[in-house]
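Listed below are the structures to be examined.
What follows is chain A paired twice: with chain B in the first complex and chain C in the second.
Let's look at the complex of A and B:
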C-alpha cells in the first residue's frame, strides 16, 4: 500500500452503457497502483467558483489490468456527481481521482481461498464484479456463489459477462432474483432476498464460507441478519452499504 | 437510540465509505485496522463501524452496541477528531502490498 493518497487527473478513455441507468467508464491513470478487488476510487468535481464535491465509486475491473480501471456508475436523478458523469463526460475528458482506497471490503483469491458467497443488490454488483473478474483471471477454483437482486431483467448489470464467466465451469454458480417484474420464461427467483433463499444458495458452500454483501443499506442489513439466523458467524460477513439508492 | 431514526438508518454506510477521509487524517489505510469500542469492548476492524455521513460531521458507531466510536468534523481551517469512544486506534508502521498472484482453492 503506498503511503500517500494523492489526487491525480485521470483520462476518460471509454464510456460503455451497461443498462438504461448504468454506464461503465474507463479511466486511464498516469500514477496507477494495482488495486485489490473491492476497493474504490474517490472522484472529485470542482465548479468554476471553486465549489467541490466528491463521491466514492467502486472499481469494477480486475486488478490485473494495468494502467487503467473501470468504474461502473448508476445515474441517480438528483445526484450531483453521477448526473455529470452520465450526461456531460465524454472520452478524452479528464477528471480528478484518488485511489485505490479501502482495505476492509476486499477479496483476493490467493489470500482467501475459502468458499465465497457474494450478494449484490442493484449496482452493488460493482465491487463484487471486480472480485469475480479477478477470480476468473487468476483461474481460482474455490466454490463461489453470486446472489444478485435486481428490480427487473433490464436492470441486471453485466448479465452477458456473468453468464460467460459462469459457463467457464470454474466452480461459480449465479442466482438472480427479480423483485418487481420478471420475463415470461423467467426461471430464477422472483422475490426479495430472504432467509429461505439464502439457505438454498449458501448451504452448498459449507460453514466456512466468506460472505461479501453490497447494495442499498436496508437490503444489506436484511441479508446480513438472515445469514446470521441461518448460522453464519458475523465475522465471516463483510458489508458495503451504499445508502438508500446508492451512487 | 434517538439519533438512529429510520431515515438515518437508511442513509447509514459502512466505514469503508470514509476510508479516503481517514487516509487523509492518518496518512494510512485505516479500515482494515482493528479498534476497540470503549463502551462495549467489541474489537473489530474500523471498516465494520457504521458510518453516518449526512450530518455536519461524520460519526462512526460500533456495529455491536451502536455507541459512538469516532467523530470527525472538518472546518476550512482544521479537522477535529473525537476518539473518546475508542479504547485505541492502531496505526501500522509499515505496510507492504501483499502479492496476490497465487491461485486460490
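Let's look at the complex of A and C:
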C-alpha cells in the first residue's frame, strides 16, 4: 500500500532562534504521520497572484513527538523561501506542508542497533539531530559518535542540547571541529574533516558501523571517500548532500 | 486545498520574466548551479575496468569497453533539467551517445517494454522503454565541454531530460530490458514511478 502525501495546512506554533542564521519552527499538523528520523517535509508558499514555490526541509524533532514536528532552517541570504520563513513568518501563521518524505536516509534504533557514526557539516546536522533525539528518547545504548563540522563556535546548532544528550552517558560521544576560528580555550578539532580525524572518531565503533553523512557536497564527498579508504564498506554509508543553493 | 486557495501571508516570491517562466515546472526554482545529490559515496571505477552493457530481453547482449564506447557517434545536447529537490537548470550542455544509437547494436525481444538503468554502487532506476527512445535520452560523457566529474556521475551518466533528474542514473553501467516494470531505488522509497516534472509527479500517487 503506497501512502498518498497530501498537502495540508500546518500551523506555526513556535519559532526558536538556534544561532544568528538558524531558526527552528514547530509545525502543528492536523493530519500527522509518524516520521522516521532522517526524513523531510516539503513546504509550499503561494503568493496572492498564484505564484508558488516549494522547498524540502529535514525534520529535526524525534518521531516520538506526536501531532507536530520541528524543522530547523538556515537563512540563505538570497534564498526565496528561507528568508520568508526567517523574516516574515510568525507564530499563528499557517503554511502548506506535506510529508514525511524519503525512505533511505533514515535511521531507526530497533532492538539491537549497530554502532552508529553521524557526520554533519553546518546545517547538515538537522536530520542527524532527529536521529540523536530518537536515540535518546528510546534510550538506545549503541556506541555512537557524532562528528560535527562548523565554521566557528557561534554557528554550532543545538550545542547545549548536544552536550546534555552526551552527558546522559548512553554511549554517545560528540566531536566538534571548527574550521574557520576557534575560541581561545577550544579543545576540539580545528580543521576540515580528514582521514586522520575520521580514523580517531570511527575506529572505536568497529567495522560494522552504520554511517550517515549530511552536509555540503564537498564535505560529504571527502568524508565518504576517506571512510572508504580506512576500510568502511560503501554499502554502510548513506549520504545526503546539499549544494550552495537550496534556500 | 481544493476549493479556496491558500495564500501565504506576506509572501511575494521571485517571478521569472517571459519565456523562462514557461520552462520552469510548477514548484521548481531556477538555479545556475549544479547541485549534487546521491544516496551514497561516489564510486570510482577505473576506466580500464569500465564497461557498458545492454542486456535482458535482447537477442544477444552487447557490451562496450571505455575505448569502444568513445568510438560511438557523439552528439551535443542542450537541455533543461529539473530535480525533484526543486531546482531547475536551463540549457545544460552535455555531450554523449544517444540511447537510440546504442539500441541499434541489439535486436530487441518484442516483449521488451521497460528498462532498468543500473549503476556502479548498486543504484537502479526504471522507465518505460517508450520514455528513453526516439531521441529522448543519452549516455553523457561530457558536461560543459569537460569530462563529466565523478560527483556528477562520471565517467558516464544517463540523461533523460524530460523526467525528474533521479531518472538520469549517475555512474551508469548498463540498460536492462524487461517485459514488466520493476521499481528502482528511489521508486521503491516513496518517489514517483514515472516522474514527469510537468505533471509534478514527485512522490507515490502524485
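Here, the second predicted complex is superposed on the first by the 240 of 247 C-alpha atoms of A that agree within 3 Å, B and C clash if a C-alpha of one lies under 4 Å from a C-alpha of the other, contacts with A are read in each partner's own complex, and residues count from 1 in each chain.
Here, a residue touches a chain if its C-beta (ideal position, glycine included) is under 8 Å from a C-beta of that chain, and two chains touch if they have at least 3 such contacts.
Here the structure is a predicted model, which means the values were calculated and not measured.
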**OP:** Kindly say whether there is room for both chain B and chain C on chain A in the superposition, answering fit or clash.
**Re:** clash
**OP:** Report for A:168: first if it touches chain B alone, second if chain C alone, otherwise both or neither.
**Re:** neither
Subject >> Partner chain(s) touched by A:230 [first = chain B, second = chain C, both, neither] >> reply: neither
**OP:** Answer with first, second, both or neither: which of chain B and chain C does A:4 touch in the superposed model?
**Re:** both
**OP:** Quick one: classify A:63 as touching chain B (first), chain C (second), both or neither.
**Re:** first
Original post:
Counting only touches as set out at the top, which of chain B and chain C does A:138 meet: first, second, both, neither?
Top reply: first
**OP:** Please work out whether A:108 is in contact with chain B alone, chain C alone, both, or neither, and reply first, second, both or neither.
**Re:** first
Original post:
Which of the two partners, first being chain B and second being chain C, lies in contact with A:36: first, second, both, or neither?
Top reply: first
Original post:
Taking the superposition as given, does A:95 touch the first partner, chain B, the second, chain C, both, or neither?
Top reply: second
Subject >> Set intersection of chain A contacts, chain C complex versus chain B complex >> reply: 3-5, 42, 56, 101-105, 217, 221, 238-244
**OP:** Under the touch definition given earlier, write down the residues of chain A that touch chain C in their complex.
**Re:** 2-5, 7, 9, 42, 44-48, 50-56, 80, 84, 88, 93-96, 101-105, 217, 221, 224-225, 227-228, 234-235, 237-246
Subject >> Touch list for chain B against partner chain A, complex >> reply: 9-17, 19-20, 23-24, 27-33, 45-48, 95-105
Original post:
For the complex, which residues does chain C have touching chain A?
Top reply: 1, 5-15, 26-29, 31, 33-43, 85-87, 121-122, 151, 185-186, 188-190, 202-206
Original post:
What residues of chain A sit close enough to touch chain B in their complex?
Top reply: 1, 3-5, 34, 36, 40, 42, 56, 63, 98-99, 101-106, 108-115, 135, 138-143, 171, 217-218, 221, 238-244
